[in-house]
Every structure is written in structure tokens, then in C-alpha cells.
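Each of the two complexes below includes chain A, the first together with chain B, the second together with chain C.
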Partner chain A sequence: MNSFALYEPTSVAEASEILARHGDTARLYAGGTELLLAMKEGLIRYDYLVNVKTIPGLTGLRLDADGALRIGAATPHRALEREPAVRERFPLVARVESDVANVRVREVGTLGGNLCFAEPHSDPATLLQIFDARVRCETARGSREIALGELFVGSFETCLGEDELLTEIVVPPLPARSAAAYRKFGVLERPSVGVAVAVALDDGHVADARIAVGCVGPIPQRMPAAEALLRGRGVDEASANLGEAGRRAARAAEAVSDLHGAADYKEHLVGVLLRRAFDEALATLGAGPRR
Partner chain B sequence: MKIEREVTIGAPRARVWDFLWDVPRLAACIPGASDVRAVEDGKRYAAVVADKVGPFRVKFPLEIVVLESQPPDHLRARAGGRDTMVDGLVKVDLDLALADAEGGTALRLAADIAVLGKLGTLGHSVIVRRGNDIVDRFTTAVRRALENEDAA
Partner chain C sequence: MKAVRELAITVRVNGERHELTVAPSELLIDCLRDRLGLLGVKKSCDVQVCGACTVLLDGRPVSACTVPAFETRGRTLRTIEGLADGEALHPVQEAFVEHGALQCGFCTPGMIMATVALLAENPSPTADEVKHYMRGNICRCTGYQRILEAILDAGRRLAAAPR
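Then we have the complex of A and B:
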């Protein structure tokens, strides 16, 4: 690994100014579970690393009055896995977090770091999109809040400005009478496909359907064309539409043939996992399609 | 990784062929290329190709050898080089075929790209996508350059 200088700022503004000063020779450093490995391999070089864990307020989580979960960007996966408030109010988030990589990675790896590295096989990056999660981004000059899906512009690429930090992830609760499920499959350490589904039922109808697909293509993303085939339909009709919804989602995911599988195989898996996740969500709600 | 593309260019075959040998103009169509020069006219060329995906940066000094040239319809070349910073090796076998087509010339490009070393193991899907993207940008740029020439 190349040698580098380590900054330990004590405020977001200070970190932002350091980033502005050093441009693309500097990078934020949180858990280091991806960045430092890549640097040790010699795949990435930075002259300056900026430790965000020294900034007060970036670690920890709280529940808003409206039930939204606000997660400091430097909060480790392990905290999300174990925190009673998350396990009780967002059990799927806790469950998926408990299955990220391995316990050593979860202990130090942070949710914000995971999202900002934008490695295309991230589980939380896919899952949190069905909660309509937003992220707060700050510079020394101001802040903005964007939908999580907007953060990702490509593999390893985000829309963050050079001096911008992701400081908080806001996860709103699902609508009433909702359930969610996440299914993934892979043959290597990281998943080949991840599909997240949230379903809200109202009097036998699918009042809301949210689908996110990750790992398959360059970015994890919501699948509005597939969602439209389920939303507003009766449970049986929505269930009958799952085949076409899966095909639409698979097309939109821009699957790439790589070591994780051939593109057509991944597309097939999107359909399979979509159906399983949808059925699981329905089962959680005590409703199943009549087949 | 094999990439194949076919584009129709609104220019006669001989002009497209000449363009492929016009080093400065062709170089301008290769994304991230610089210092493109002829080492031995018609036989060996050199170029530096740089690219960046998020935090990953690569810079390959490439040696390009023309293996076969049948004017004005077939060209085969091999390019290779090592990125010294990242320890990555890239090898490209390129096959370009020209044929008369309605409205101009059909340019068929077949590239067999191998990325080896640490770089190859890290982000295979990124490399595949980037390879496709580079080829798309190249063929589009060649078509634009030749068709704009017509307009001018």
C-alpha cells in the first residue's frame, strides 16, 4: 500500500474543506473494509485519507416522531443488526444487515461507507430503496437530501460532489399493512442477484408495490415499470403478473455477464427471486394468492 | 470478453478505410487515448490509453501491431500493454471489416479483450461494461467524424 496522510477532522465542514483542498488525491475513510483492501492490493491510491469516525454525530441512530429511522453515516452494520429499535421497527433491515459479508466486516464496516463506495453488489443499497430511503449530503457550504436511488450513477460512482459527505441515511417506515422481503442468491462471496420487495395491501388489493433489484447491473435501482404491473391490482392479478414484472425488472437491471453469472441467468434469477420475495411479503401479511 | 458491433457510416468504403489509417483523426475517436503515434508506418503504433471508474484509475501504454491489412476491407491488429501502478495487463485483438452497405459503408468491429492481473479479478462486470462503453463511443465517434466531413 502507498503511504498516505490521515486527517481526523472534528466536523463535517472541516472534512469537506479538506476534501476541497486535496481534490481527487483525498478520499473519505470510514470502516475501510473496501477502500483499504483495494489500497492494499494497489488498485487505488490516495495521498490523503479523511477519517469520518472522528466527527461527532456521524455515528448512531434514532427514531423520528414519524417513525423514520435516522442513521448516522458512520454507523457500523453490526449496530444496525443488533440495535433493538431497528430489530423491532425495521426487522428486515436488521436481518439483511446481519447477513452482510461476515462479522469482522460488519463490526467496522459502516452503512454510509458501503453506500458511498457504490460497489454494485451491496445488499443495503438495494434493500433500503424499497423504504424510499433518502440520504443527507453535506458540504462546508450547505446540505441537501436526495433519494437513495439518485446517489448511484454507476459502479463505484456516486453523484456526490468532490467536497460532499454523505452524513445521514433516513429510512421512512413502510405504509400501513405493508410487508417487505429481500431475497438474494450468489455463488461467490458477494451476491449475483438481490431483489427487495415491499407490498401494501388494502382490502385484497395491492395498494402499493415497490421493487428494487441490485447486484445484476451497474447500480441497484427501483423498478417502476415492474411495480406498475402489481400496484392497484387484486392480489391474484398481481401474482399472475409477476412473470412479466420479472421480465421488465430483469431488462431494466441491465444485467452484465461476469464472474457472478451470465446475463441471461441473472435475468432469470430476477424473476425467480421477485416471485419468492413477493410471496414472502404476502405471507407475512397473512394473504397469499390463490394458486 | 468479446465485443462485436456493426455501424453503418454514411461515407464510401475507401474514405472509411483511409480514415482508419489517419492516426491523429482516428486517435481522437478512441476514448482516453493520448500520445498516439506511428512507430513504423502501417505496421506498428504506440498509444497511451487512460480510464477512470470511480476511484480506480488505469493508464496503459499500448503497443499496437497490425497483423493483417487488406485494403479497403479488412484489418486485424493486436494491442497490448501493462499498467505499472495497478499491475494490470490488457490485451486486445481487433478485427475490423468494411463492406458496402445501403447508405454508405458497414463497419464491423470485433474485439477480444483480456484484462489480466489484479485488475481483472476485482471488477469483472465493471470491465465488461466499460469495454462495451468504449467500443460504442469509438464507433459513434468514427461515424460522426466521417459523416461530419461530408457535411463540411
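Then we have the complex of A and C:
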């Protein structure tokens, strides 16, 4: 790894100013589980790393009055896996977090770091989109809140400005009478395909359906064309539409062949995992389809 | 604010206090092996996948291969060298020996440190819980069955004689 100098700011504004000053030669450092691997391999180099863990308030999580989970960007995966507030109110988030990489990576790696590195094979980047999660982004000059899906613009690429930090992830609760499920498949440390589904039922109808697909293409994303085939339909009709919904989602995911699988294989898995996740969500609601 | 090119840190390693000056890019594994002579910390995959370099930072497992040394400042570190009490092995070490839970032994320090962390967090894990927790510790020799048996037995030993 190249030698670098370290900044340890104590405020977001200070970190933002450091980034503005050094441009491409500086990078934020949180857990380092992805950044340092790439630097050790010599794939990227930075003259300055900016440790965000020294900024008070960036680590930790809380439930706000609306029941939304507010997660500091430098909160490690392990806290999301273990905190009672997450396990009780967002059990699927806790469960998926407990399956990220391995325990050592989860102890050190942070949610904000995972999202900002924008490695396409990320579980939380996919899962949190079905909660309509938002992220707070700040500079020394101000802040904005955007949908998590807007953060990702390409493989390893986010919409964050040069001096902008992701500081908080806000995860609203699902609507009433909802259930969610996440299914993934992979043979390596990272998943080849991840599919997240949330379903809200109202009197036998699918009042809301949310689908997110990740790992398959360059970015994890919601699948509105597939969701439209389920939303507003009866449970049986929605279930019968799953095949076409899977094809639409697979097409929209812009699958790429990589170490984790061939594009057509990943597309096939999107359909398989979508059906399993949908059925699991329905079963959680005690409303399995009649087949 | 200025960027620093070296940090003066204090860290307790296996009960002993060390004052070190480290560069930000110095990795914990190099610091432990090359400067403190703790050769039980093994470098294998070097990408946080295999677990051979597992050490405990404030009791929690981390990969020494990818954690910078400065992250240990003000904290407590435990390696395989810090488990035995003189000639008396730690109960987890005893369980690994008695169950024959090792062959070449290269993964063993990491396996044992991960086990110590697991049992501190969950003193009587089920077999499935052990498999889930230990998923990131890889052994090329044993086929894992004896390691699993040793870990379950180590939990019973520690429950009988906590330390």
C-alpha cells in the first residue's frame, strides 16, 4: 500500500473542506474494508485519507418519532445486526446485515462506507431501497436528502460531490400490513444476485409492491416496471404475473457477466429469487397464493 | 488542520502496554509480526476472507491484514500468544487439541481467536450458530467437523470454568 497522510477531522464541515482542498488525492476512510483492499492491491492510491470515525455523531443509530431508523454513516454492520432496536423494528435489516461478508468485515465495515464505495455487489444497497430509504449528504455549505437509489450512478460511482459526505441513512418503516423478504445467491464472498421485495396487502389485494435488484448490473435499483405488474392486483393475479415481472426486472437490471456469474444466468436468477422473495413475504402475512 | 504522517499510540497487547509510533498506512499484521514478534498472527489470503490473521480488538474479531495499526490506539488487543497462562492452555486451545481440530495448523490461531470472541458473545451456541459465526474462517485440511466439535466442547469447558 502506498504511504499516505491522515486527517482526523472533528466535524463534517472540516472534513468537507479537506476534501475540497485536496480533490482527487483525498478519500474518506471509515472501516476501510473495501478501500484498503483496493489500495493494498495498488488499484487506487490516495495521498490523504480522511478518517470520518473521529467526527462525533456519525456513529450510532436511533429510532425517530415516526418510527424511522436513523443510522449514522460510520455505524458498523455489526451494530445493525445486533442492536435491539433494529432486531425488533427492522428484523429483515438485522438478518440481512448478519449475512454480510464475515464477522470481521462486519465489525469494521460501515454502512455508509459500503454505500459510498458503490461496489455493485452489496446487500444493504439493494435491501434498503424497498424501505424507501433516504441518505443525508452534507458539505461545509449545506445539506440535502436524496433517495438511496439516486446515490448510485454507476459501478463504484455515486452522485456525491467532491466535497460532499454521506452522513446519515434514514430507513422509514414499511406501510401497515406489509412484509418484506430478501433473497440472494452467490458462491463467493459477495452475492451474485440479490432481490428484495416488500408487499403490502389490503383485503386480498396487493396495495403496494416494491422490488429492488442488486449485484446483477452496475447499480442496485428499484424496478418500477416489474412493480407495476403486482401493485393493485389480487394476490393470485400478482402471483401469476411474477414470471413477466422477473423478466422485466432482469432486463432493467442491465446484467453484466463477471466473476460472479454470466449475464444470462444472473437474469434467470432474478426471476427465481423474485418469486421466492414474493412468496416469503406473502407467507409472512399469512396470505400465500393459491396455486 | 494538518494531516499527520505518523501517530504516537498506546496499546495494550496481551496485557502489556506498548507505546508505538506508526505511519497511517502501517497495517496491524506487520506491526504485530515484525515489531512485536507475535508470529501467531498469520498472513494468508490478505483480503479479509480467510480469517488466519484474526485478532481481538477490545474483544471483537478483526482481520489484522487490513486494519491499520493506528486503529488500536488506546485499545486492548489480544492475540493467540495471550491466551495460555504459562504452560496451562486456554480451554479453547485444550478443546482444539483434544478434538484433533487441526492438521497443518496455519488457520488454527485465527480459528481459536474467533472462537474466543464467539463464546464471549454467545456462551452456548448451537451448531448452526457456530457455523454462521465461523463462516469467515477457512481451513483447507480438516473438513471442519472436528473444529465444530471442538468449539461446541470449548463452550461447555468455559461454562464449567470461566476465565
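Just so we're on the same page, the second predicted complex is superposed on the first by the 291 of 291 C-alpha atoms of A that agree within 3 Å, B and C clash if a C-alpha of one lies under 4 Å from a C-alpha of the other, contacts with A are read in each partner's own complex, and residues count from 1 in each chain.
One rule holds in what follows: a contact is a pair of C-beta atoms (placed from the backbone, for glycine too) under 8 Å apart; a residue touches a chain by one contact, two chains touch by 3 or more.
For clarity, every value in this text was computed on a predicted model and none was experimentally measured.
Engineer: Please determine, from the superposition on chain A, whether chain B and chain C clash or fit.
Structural biologist: Chain B/chain C on chain A - fit side by side.
Engineer: Is A:259 contacted by the first partner chain B, the second partner chain C, both or neither?
Structural biologist: In the superposition, A:259 touches chain B alone.
Engineer: State whether A:202 touches chain B only (first), chain C only (second), both chains, or neither.
Structural biologist: neither
Engineer: Which partner does A:88 reach: the first (chain B), the second (chain C), both, or neither?
Structural biologist: After superposing on A, A:88 lies clear of both chain B and chain C.
Engineer: First (chain B), second (chain C), both or neither: which does A:120 touch?
Structural biologist: First partner only, chain B.
Engineer: Residues of chain A touched by chain B versus by chain C: which partner has the larger set?
Structural biologist: Comparing touch counts on chain A for chain B and chain C gives C.
Engineer: Between chain B and chain C, whom does A:162 touch in the aligned arrangement: first, second, both, or neither?
Structural biologist: A:162 contacts neither chain B nor chain C.
Engineer: From the CA centre of chain A, what is the angle out to the CA centres of chain B and chain C, nearest 10°?
Structural biologist: With chain A as the vertex, the angle is 100 degrees.
Engineer: Nearest approach of chain B to chain C by C-alpha atoms in the superposition, in Å, rounded to an integer.
Structural biologist: When the complexes share the chain A frame, the smallest chain B-chain C C-alpha distance is 12 Å.
Engineer: What is the shared patch of chain A, the residues that chain B and chain C both contact?
Structural biologist: Correct list for chain A: none, the interfaces share no residue.
Engineer: Name, in rising order, each residue of chain C that touches chain A in their complex.
Structural biologist: Per the touch definition, chain C meets chain A at residues 1, 3-5, 7, 23-25, 27, 46-49, 51, 54, 57, 60-63, 66-68, 70, 114, 117, 132-133, 135-137.
Engineer: Please output the residues of chain B touching chain A within their complex, sorted ascending.
Structural biologist: Checking each residue of chain B against chain A gives 53-57, 85-87, 118-119, 122-126, 128-129.
Engineer: Can you tell me which positions in chain A touch chain B when the two form their complex?
Structural biologist: It is residues 27, 35, 38, 41-46, 118, 120, 154-158, 218, 256-260 of chain A that touch chain B.
Engineer: For the complex, give me every residue of chain A touching chain C.
Structural biologist: 1-9, 14, 18, 32-33, 36-37, 40, 48-49, 78, 98, 101-105, 107-108, 189
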